[in-house]
Every structure is written in C-alpha cells, then in structure tokens.
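In the two assemblies presented below, chain A is common to both, partnered first by chain B and then by chain C.
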Partner chain A sequence: MNFELLAQLTITGIVLGSFYALMGMSFGIVYQTSKIFHLANAIPFAAAGFAAVWSAETFHLPMFGAFIVGLVAAVIVGLLILVLGYFPLINRNATLLSLFLVSLGVTVAFPNLLQIVFGTQNKTLQVYGADGTLNRAFETQVYNVGFLTITQLDIVKIIVCWLVVLCVVLFVNKTRFGRSITALRTNPTMAAAVGINSKVVYIVVFAIGSLIAGMGGLFVTTEFVAYPTMALQWTLIGFIAVFFGGIGSLPGTALGGLLLGLLSSWSSVWLGVQFAPVVVFGALFIILLVRPQGLFGKAAA
Partner chain B sequence: MAYYGQIAINILILLSLSVSLNLLLGYAGRVSMAQSILFGVGAFTAARLVLPQLTDKYNANVSGVGYGMGWPWWAALLGAIVVTFIAALVISLPAVRQVKGEYLILLTLAFQLGGQQVMTVWEAVTGGPFGVAGIPAIKIGSMSFSTVKADSTVRFAILMLIVTVIVIAVCWGIGESPFGRLLKTLREQESVLPSVGKSPIRPELLTFGITAGIAGGIGALFAFSQGAMTPVNFGLDLSILIVSVVVLGGVGNIFGTIVGAIILGGLDPILSNTVGADAIPWRAVIYGGALVVMMMVRPQGLIPEGAFRRFKKGKTTEEMTPAEAMESLSRVSATHEVGSAPALEVEGLKKSFGGLVAVGGASFTIAEGKITALIGPNGAGKTTIFNMITGTFKPDEGTVKLFGQDITGLSVVDIANKGIARSFQDVRICEQMTVLDNVAVAVPKQAGEGLTNLVFRPLKTRKVERATRERALECLALFGISDKANDLVGELSYGDQKLVAIARLLATDADVLLLDEPTSGVDPANVEGVMQGVRRLRDLGRTVCLVEHSVHFVQQLADRAVFLDQGIVLAEGTVDELINQQELADLYFGS
Partner chain C sequence: MDGTSVNSSDGNLLEVNDVTAGYSKRRVITGVSMNVKPGEIVGVLGHNGAGKTTLLKCIFRMLSIESGDIVFDGASITKSSSVKTVASGMSFTPSERPIFRDLTVEQNLELGAHSVRDRQAIKDRMGEVMELFPILGERRTQLAGRFSGGQQRQLSVGMALMVQPKLMMLDEPSLGISPTVVTKTFATIRELAAEKGMSVLIVEQNVKAMTTIADRVYVLRHGEMVLEESGDAARERSEWWHLF
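So, the complex of A and B:
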C-alpha cells in the first residue's frame, strides 16, 4: 500500500470515525446513566431528517431553519419515548429487559409509520431559492490538497462531532449537574438520598442524547437522503462505540468510535467497503473477548 | 387450498422460530436479535449444500441458478442446523466473560445488521441482492414438498405442521427439565447459580445455540419449500416480529407463543386484503405497537407463564415432619473428614475499595459443627468478608482455608463446589418459580442438567429427577414448609421466603453455610421459625456462620461470636462474653 492511499484512507477514516464518535456520545450518555439499551435512539435520528425535509418544503424554511426544526423534533420524540414509554415501566421497577422490549417495539413501529405517511421514496433536503424553485439544500465542495481529497461537509462534520464530544465530556465531568449524572450512575440509592431527582436527570440526559442523534440524522440527510430506516445502522455503531471504547467512559467511547472508523477505512483496501460491518463487528468481538469492560473502560469492582 | 396452505406455512414457520426463541427469552430471560439472520444462515447454508455441483453440464452462468455441493436434502438440513448452532456459539463467545443480557443483545444485533449487509454483497454464497434460485424441493419417494405447485404446497404445510409439533415438543421438554430449571433461575436471579456451584454460562450459551440451531433448520426447510430466496427475507423486522410473538403470547409459556404466532402471523393475509401494498409496514406498526402496549398493560403476555399450574396442584406427596426430614437428611454424609481442621480459617484478609479500607486484615477461625456469628456495627466489613470467602471479591491480601485446604482466589462456582454455600441479605429467591424448584436447583449432580442425558438417558434422568425432588422436599420439610412446595415463591410471606433460601443452602450439600442476615426484615412472629431452622442446620452437623444485627437472635443461637469493627477482629468468644465487655457493647449499641 502506498503512502498516498494510506493518507487518503486515514482522512476518510477520521471523517467516519468522528461520526461514529458522535453516535457513541448519543447512546453513551443515555446508557451510562440509565442502563437502558436504548435502541429507540434510532427514532430521533430519523425524525430529525424527516422533520427537516418536511419543514423546508412546507414552510419554505432556509436550511438552518430546517435544521433547528429537525433538532427540536428529535428532542421531542426522544423525550416522548422516555416519558410515555420508559417512565411507566421504571415506576413499577420493571427489568432492563422489559425496557429494551419497549424500545424494540418503538424502533420497529416508527420507521414503518414514516413509510406509511411519507412513502418509500428517499427524501432529499431541498430549500426554496430566491427564484422560487426547489433545489438541493447543500452541495458540498470538494477540496484537493496535494494528493488528498476532502469535502467541505467532511470538515464541518469533524469539527462539529469533536465539539459535541468536548461539550458532553465537559458537561458530565465539570458541571454540578454532570456530577449528579455520575452519582446516579454509580450509586442510585445514594443519589436519591442526597436529593438527586432521577427523573430530572433522565430527562436531561435523554434530551442531550436525542439532540445528538438528531444531529447525526441531519448530517446523513444533508449529505445523502432521508429514508425511514436510515438510523438503524448508525444507532448500532453508537452501541458498538460505547462497548468497544469502554462503558462509563465518554472519552473512551469517542476514541473507540474514531478507532473503529479508521479500522473500517483502512481495511477497505483488502476487503472492499461493503465488508466494513464485518471489520467493526470483528473488532468489537475481539475487544469483548480480551477486555470485556472495553478498550478504555475501567474494570468493574 | 394452496393459498391457505401458504398462509399456514407462514404461520407455522413463524411459530417454530418463536417457540425456539421462547426457550431463550422466556426461560433464560435472554433475548436474541439475530433469530431472523440465523434463519437466513440456515436457509443459505442448506441451499448451497443441496444445490447440484457445478459441472460442464450444469453451469450456473448459463442456467441462471445457483450451484452447490449436491448433498441430499436431509444432509443439507443437518448441515444447516450444525452451522447455525456453531455460528451462535461463536457469536455469543464474548458474552462468556460477562453474564449480562446486554452483551447478547449487542452481539446478536450487530450480527443481524452486519449479516444482512454481508448477505447482500457476498454473492458467492447468497447470490447478492437477487438471491439464490432453483433450490430443489424435498422429495420422499415420488412425493415432493414445496410451495411451487398447489398439491405439494398442501403437502409441505402438513410436513411443516409435523416439524412444528416436534419443535414445540423439544422446546417444551428442555424448558420443563432440570436444565430448564437452571435457565429460569438464571432469568430470575443470575447470581444464585454460581452461589450453589453451577456455572450459568454453559446453559446460557447452549440455549442460544439450540435456539439458533432450530432457526437454522427451519431456514433450511424454508429454502427447500420456496425454491428461491433473497437476503431481504431475513431482515431485522422479522427478528423483532419473533420477539413480539413471544412477548404477546406470554414469555415462558409455549401455548402463549402458539396464540401469539396465530394472531400476528394471521395479520398478513388480512392486511394484504385490506390495505394492499401497505400491508408490510402496517404489520410492523401493529406488532411493534403490540410489543409496547403489552409491556405497559400486561407484561406477562396473553397467557402468562404457569397459567395452567393450578391444574397440576394438589399432587403433593404425604407430609413429612421436620423430625422425619432430619432423619433422612442426616444420612447424607459429610464430604470432609470430621475433626481434621477448623471448618474455616481466615488469615489476614484485606480488602479496600479505592481508598476505603473495608476489611483491614481480619483473622479468625470457625469451628466445625457450630454456629458462629460475625457481629459488629454497620460498616464493620462483615458482608465483605462473606464476599471474599465465597469468591465474589478477590481479597487484596490474606488466605481462606476450608478444612485446611487453601481456597483463596478460586471462582465462586469452584468454592461453592468445595463446600461453602451462602445466602444473601436480599433473599434472592426466584419469585416466578415454585418453592420446590427454588430448592431443587441447588441439589448437586443432577443428570437432567446435561442435555445429552436428557436425550440419550431419559430413564436415568427421570430417576435422578425424582430423587432430586424428594431431596428438595426433605429440605423444605425440615423447615416445616413442605406443604407450600408447589406454590410460587412470590406468593409466600417474607419469613417463609427466607426459609426457602435457607432450604436452598441446605440442598447444596455444602458443609459450611454462610447466612447473611437471616432474620432481617422478617416479622417478629416468624423470627422464631427462622431460628429453629438455623439450629436444625447445626443439628445436621453443618457448620454455620452468620452475620446478624439482632443481638437477641445471636444470643439465643450462636455458640461463638467474632466481633468485628472497621474491618478488624476485636474479640472472639461466646456471645455473652463479648456482650459483657463494656467497650464492645458501647461500640455495638453506641454509647
């Protein structure tokens, strides 16, 4: 393998890995606080994409207006799932398995509902131009730096993803509210005793997780298209980043995501891009075998 | 006829896949998201095994169909079962290190979604997005079984019915066997199995393997019957549909699964006739919604586990008095030589968590055949010492000797098998299981816990099972609760639940029994019963060590006591000696 190819693949891997890290943050903050295997995190992701496309066409919103609608929609559906789906079960001390089953039901129902309402066609994010015509909202520019190629969107993606990682890590580790998240995670009984309201913490955490998932959905919609089942594979990537990087360690999750992105990019030389899921799965498999707590996770006492 | 035949086939396939998942989800409390892809792995494996070999005469490119190994259908069917069974064991391998349901969910979900993608690109095996065609049908004599022609569709439906009945019988047989009892215990209280000396990992993995193997076999039959298939047949939605069938019908109840499969499988033809093209998404909305609604309003499902239990009731054997139970239990000989060494020797045990020293070098001995109490104020490190003796925590320093043999650092399962059993502060009994099953699970060396015995030595298995149940009944009789043997533990009073937990300890045959706060939370009227029970353990020659806060209880019961404070032993002696020392009493009661 020559150097130019390696360098290009590394760039692609960083772009991919940044997105993986973003998805890892989204699931990681929810999972480490609530222990819920929140598969329904796929729903804010898809909801953001569809809400953006729909609002841009219906209300003639500019691109950023549509983004805001998308993010608001993501947070709203995320919180609806928590409040209507999880809280009733948490209130009666249901098992984590039953919470997962609720998540599963929502995850399968929602994209199919989208399909019934919006049809099966892919949705491109389009905005009305000054001349009143509907055009694709964002055409990315391609930059060539020497022998390397990177798009404008890729650069935005890297910056946004790592900003989000930074914000989430700082929020959890440095703020007062973040400490109550940690308290709830490590000792729920004690947290309740010192007056931490677990419901409030859950709401904040799910709002953040859904917001980030929504950002993921907007990236995919802007770069490609929105479609009902667009979220599943990325949600799974978020899960894998968490378990691969280390449960309970958000920086570990982010680094794990980055590493997975690089691995799937580099391996495409030998295996072809289609087999990236095999590489990701294989990496997860090996890590769980040799280090069940994840690459950067702390062993549980 | 053929139309209804095809509907019946679809429902029967869904039913078989769901019944096998119920074994995992209902009995073991673990969920697999890969049932659909494993069904597909079986289908493609069978297709490649059964398709004719590539020869000059039979050229795949010319004929437009796939080629393969040219095996007979039954060999291909077996091959599919074996391949999916092994695939499942491999996928779940990392879950071995962590006995937690989430790992199986993660791994199976990743396998399902990754596998779907690989199926659409791995043309050599799956034929890519267009799939495989020309798969020969099952032929027995001159009869063929496939859905290609009308009369053979009905024949295949009948064949599928027979297969489904077999699958139900197999899953029922496994679920209701001693092996199934292990699975239910795993579902209810996963920490209990290791504490009675049984590894939870083997049953968990094996069950996932069986679930997968059945899915693979059904997949093979699907391939033979359809003649052609594409990867689209094996998506995540099907996996979720199967989970929905099990949950809707009732986890842990195979009859419920039959009802669930008929309801959700029957939706298909109804929806195709009403909403037409939107039938598939509508169906997904309905079963996804059903899953959510069921978890909200009726988590036990339409037909809950044990719905038919009351019909089985009333078969209790004649009551046994505690004295009779004592008589027959005392025949069980101790595994360790009497009087060889102290039952337990704890030497310089240390454990700290982070900077917090929980136990700072505790040394004491526990004499054989006596009741010894560990006492001391809260935070003295009593439960931590229990956890180190039983292997739940590895001590930072120090040794634990059982009858002179060093057992420090062994696993929980090994230590339990060496002869130390423990109870837990929070009883940890399995509420959805009968009292008898709660105790029977602890009886060692059960033939029926091995699947090969279940299949190849059914008579011996039955005999051992009868002995096991008898044994469990004796243990219950010793505490005067054998009349409740067929009740669900969840229906008992808390005091009786504690007795069940102690009976479970006794059933393990362990010589040293560690009781963690046996009377905490028990109402005063029942404390006497628990005390009597503990005395009977001693009268049987068992060595008892207990942690207890009630001084009254300790005074009445314990032969000796070890006084701990802040992780070190302050004094040893009889209870009265310790209580009469002013400084200890002050420490204990607060001065």
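So, the complex of A and C:
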C-alpha cells in the first residue's frame, strides 16, 4: 500500500470514526448511567431526520431552522420513550431484560409508523430558495489538499463530533450534575442514599443521548437521505463503540469509535468496503475475548 | 417532607408503626414497630436475613411498604421518597460499598452534601469532617476506592455528616473492618451523637460492638420485632443466641 492511499484512508477513517464516536457518546451516556440497553436510541436518530425534512418543506424553514426542529423532535421522542416506556417498568422494579424488550418493540414499530405517516420513499432534505423552488439543502464542497481529498461536510462532521465529545465529557466530569451521573452509574444504592433523584438524572441523560442521536440523524439526512430504517445500523455502531472503547469510560468510548472507523477504513484496501461491518464486529469480538472491559475500560472491582 | 404533620407521641424523632414490607410478594418484615428519641442511639440486632436492612430501607423510603406508618420529626413520611427524607434530615449509610470508589474523598463528601445548596456550608462541613477524620484531609484528592476498609467506613460516616442529619442510619458499620477499627468507629459515633445531639439508628449482627454504645436495643427475628430493652440491660445479658 502506498503512502498516499494510506493517508487518504486515514482521513476517511477519521471522518467515519468521528461519527462512530458521536454515536458511541449517544448510546454510551444512556447505557452507562441507566444500564438500559437502549436500542430505541435509533428512534430519535430517525425522528430528527424526518422532522427536519418535513418542517423545511411544510413551514419553508431554512436549513438551520429545520435542524433545530429535528433536534427538538429527537429529544421529545427520546423522553417519551423514557417516560412512557421505561419509567412504568422501572417503578415496578422490572428487570433490564424487560426494559430491553420494550426498547426492541418500539425500535421495530417506529420505522413502520414513519412509513405510514411519510410513505416509503426516501426523503431528501430540501429548502425553499428565493425563487420559490425546492432545492437540496446542502451541496458539499470538495477540497483537494495535495493528494488528499476531503469534503466540507466531512470537516464539519469531525469538528461537531469532537466538540460534542468534549462537551459531554466535561459535563460529566466537571459539573455537579455530572457527578450525580457518575454516582448513579457507579453505585445506585449510595446515589439514592445521598438523595440523588435517579429519575431526574435519567431524564437529563436521555435528553443528551437523544439530542446526540438526533445530530447523527441530521448528518445522515444532509449527506444522503432520510429513510425509515436509517438508524439501526448507526445505533448498533454506537453500542459497539461503547463496548469496544470501554464500559464506564466516555472518553474511551469516543476513542474506541475513532479506532473502529480507522480499522474499518484501512481494512477496505484488502477486504473491500462491503466487509466494513464484519471488521467492526470482528474487532469487538476480539476485544471481548482478550479484554472484556473494553480497550480503555476499568475491570470491575 | 411529605404528608400531614402529626403529633409525635413521647417526643420521638422517629416512629415506625406496624410496618409490613418486602420485595414483590415476599414479605420480609411483618408488623414492625419501633421508635428513636432525639439524641438517642438505638440498635437493631438480628440474624442474617432477619429483615434489618429492609427495615432501614423502609424508613429511608427506598422501599415501599405494604402497610403501616412511618413518622419522622413529627410528620408522616410513609408516602415520601429517599430524596425528600435526606432533605428532611435523615442519612442512610449502606452496609456494602458505602462510598463512591471512582471519586476522590472531596468529591465523595460533596456528593454526601448533594441536598445542600449553600456552597459555603458545604465547605465548612467538609472542613469539620476532615478535622474529625484527619486521614480524609491528608488524602482528600485520592480516589476513595484505594482506601482500606476502615478508612472507607470513616469516609462513609463523613458523607453522612455532610447533611448534618437529625437521624443517622448505619447499616452494619462493622462489616469488613478489623475489631480495633470497629471499636474506634463506634466510639466516634458515640461522641458525635453526644456532641451534636444527633440520633443514631444502627443495625448490626455484631452484638458486642453494638451493645457498647446503644442506649436501647431491639431484636428482629424472622421479620418480627421480638425484644426491646435498654442498653444497660443488653450489656448485662450474657446469652443472646436464643433470641436470634
């Protein structure tokens, strides 16, 4: 493999890995705090994309206005799943398996609901121009730097993803509320003993997780299209990043996501891009064999 | 605090009246009644599985009760929550993992004062705790998980003190620490109760340690309260096993 190809694959891997890191943060903050295998994190992802497309066309919103509607929709559906789906079971001391089954159920049902409401066609994010016609909201620029190629959207993606990672890590590690999240994650009994309201913490982490999932949905919708089953693959990537990077470590999750992106990109030279999911799951399998707590996770005490 | 204010008979700080509770359909405590007076140290003794921890969790409102009533500081807390009981002046220290291992001493103490909003009060109380347990001051920036069992127990008591509780509840504070440290810990609890006028409710299997400091003792057997006697009577008792 020549240097130019390696460098280009590394750039592609960083872009992909940054997005994996974003998805990892979304799933990770919810899973690590609540231990709920929140597969339904796919729903805010898709909801953001569809809400942005719908609001831009219906209310003639500019792109950023549609993004805000998409993010608000993501947070609302995320919280609805928590309040209407999980809380009633948590109040009855239901097992985590029961919560997962609820999550699985709504994850399967939601794409069907989207198809009923919006139809089966792929949805492109379009905004009204000055001339009153609908045009694709974002046409990305392609930059050639020497022998490297990167798009404007890729640069935005890298910056936004790592800014989100930084904000979440700082929020959890440096704020008083973040310490409540750590407390609940590491010792729920003691968290209750010091008067931490677990439901309030859950609401905040689900809002954050759904907001980040919504950002993911907006990236995919802006770059490609929105479609009812658009979220599942990225949600699964998020959960792989959590277990690969390290349970209990949000920076570990982000770095795990980045590494998975790089591995996925580098391996495409020998295996072809169609094998990327195999590489990602293979890497997780190996890590679970040799280091069950994940690359940067701490072994249970 | 939730509920209607009620007049507490005999000036009790805590009254547990005919409480029945358990997990799902399994009853663990049945018709338990007891009380704690202001400034008093009360011990609840019992064998493993007698329902001691369940009783504390009911009082702290971490576990819902099937029937009965709990009154704290003159108001019913039967329908309250642990978040509100902490704010109303009650602390609870579990028997196992009574600290946050991944956080520093300072962070643990700050979390102990989670319900306190006044930053200066938190700082002042942290200073008092570190004066009481100097080792915590010396190792304030170290992770609590690296501490010995005795030091972790000191930190857990310090965390409870951060809310300046009217009632401090300790679940088996002698668990996992050496007899010498048990003696020291119980002596500290005795001093704190006397100095701050704080009530203490301790559940224990360690009869010897418990009876050295208790003003009054209850014995719980198979979920029912079978004995209540003064600390003096308990200390004079030579035989316990038939009660368990």
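Quick note on the criterion: the second predicted complex is superposed on the first by the 301 of 301 C-alpha atoms of A that agree within 3 Å, B and C clash if a C-alpha of one lies under 4 Å from a C-alpha of the other, contacts with A are read in each partner's own complex, and residues count from 1 in each chain.
Rule of thumb we're sticking to: contacts are C-beta pairs under 8 Å (C-beta built on N, C-alpha and C of every residue); 3 or more make two chains touch, one makes a residue touch a chain.
Fair warning: this is a prediction, and the values are worked out from it, not measured in the lab.
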With everything superposed onto chain A, say whether chain B and chain C fit together or clash.
clash
Report for A:Phe285: first if it touches chain B alone, second if chain C alone, otherwise both or neither.
first
Let me test your reading of the model: by the given contact rule, A:Cys167 touches which partner, first (chain B), second (chain C), both or neither?
neither
Taking the superposition as given, does A:Asn197 touch the first partner, chain B, the second, chain C, both, or neither?
second
Looking at A:Ala183 after the superposition, I want to know if it touches chain B, chain C, both of them or none. Which is it: first, second, both, neither?
second
Which of the two partners, first being chain B and second being chain C, lies in contact with A:Ile116: first, second, both, or neither?
first
Kindly classify A:Leu96 by the partners it touches after superposition: chain B alone (first), chain C alone (second), both, or neither?
first
Which of the two, chain B or chain C, is in touch with more residues of chain A?
B
Classify the contacts of A:Leu5 with the two partner chains as first (chain B alone), second (chain C alone), both, or neither.
neither
For the superposed three-chain arrangement, which chain C stretch in 55-63, 127-135, 145-153 or 163-171 runs into chain B?
145-153
On chain A, which stretch or stretches are contacted by chain B in one complex as well as by chain C in the other?
301
Chain A partner contacts - residues on chain B that touch it in the complex
29, 31, 93-95, 97-98, 101-103, 105-107, 109-111, 113-114, 117-118, 121, 236-237, 240-241, 243-244, 247, 278, 280-282, 284-285, 287-292, 295-296, 299, 353, 393
Parts of chain A lying in touch with chain B, wherever the complex brings them together
37, 39, 85, 88-89, 94, 96-98, 100-102, 104-113, 115-116, 232-233, 236, 239-240, 243, 272, 274-275, 277-278, 280-281, 284-285, 288-289, 292, 301
Across the complex, what residues on chain A touch chain C?
93, 176, 179-180, 182-183, 186-187, 189-190, 192-197, 298, 301
Chain C - residues contacting chain A, complex
23-24, 60, 62, 82-83, 85-87, 91-94, 97-103, 107, 110-112, 114-115, 145, 159, 163
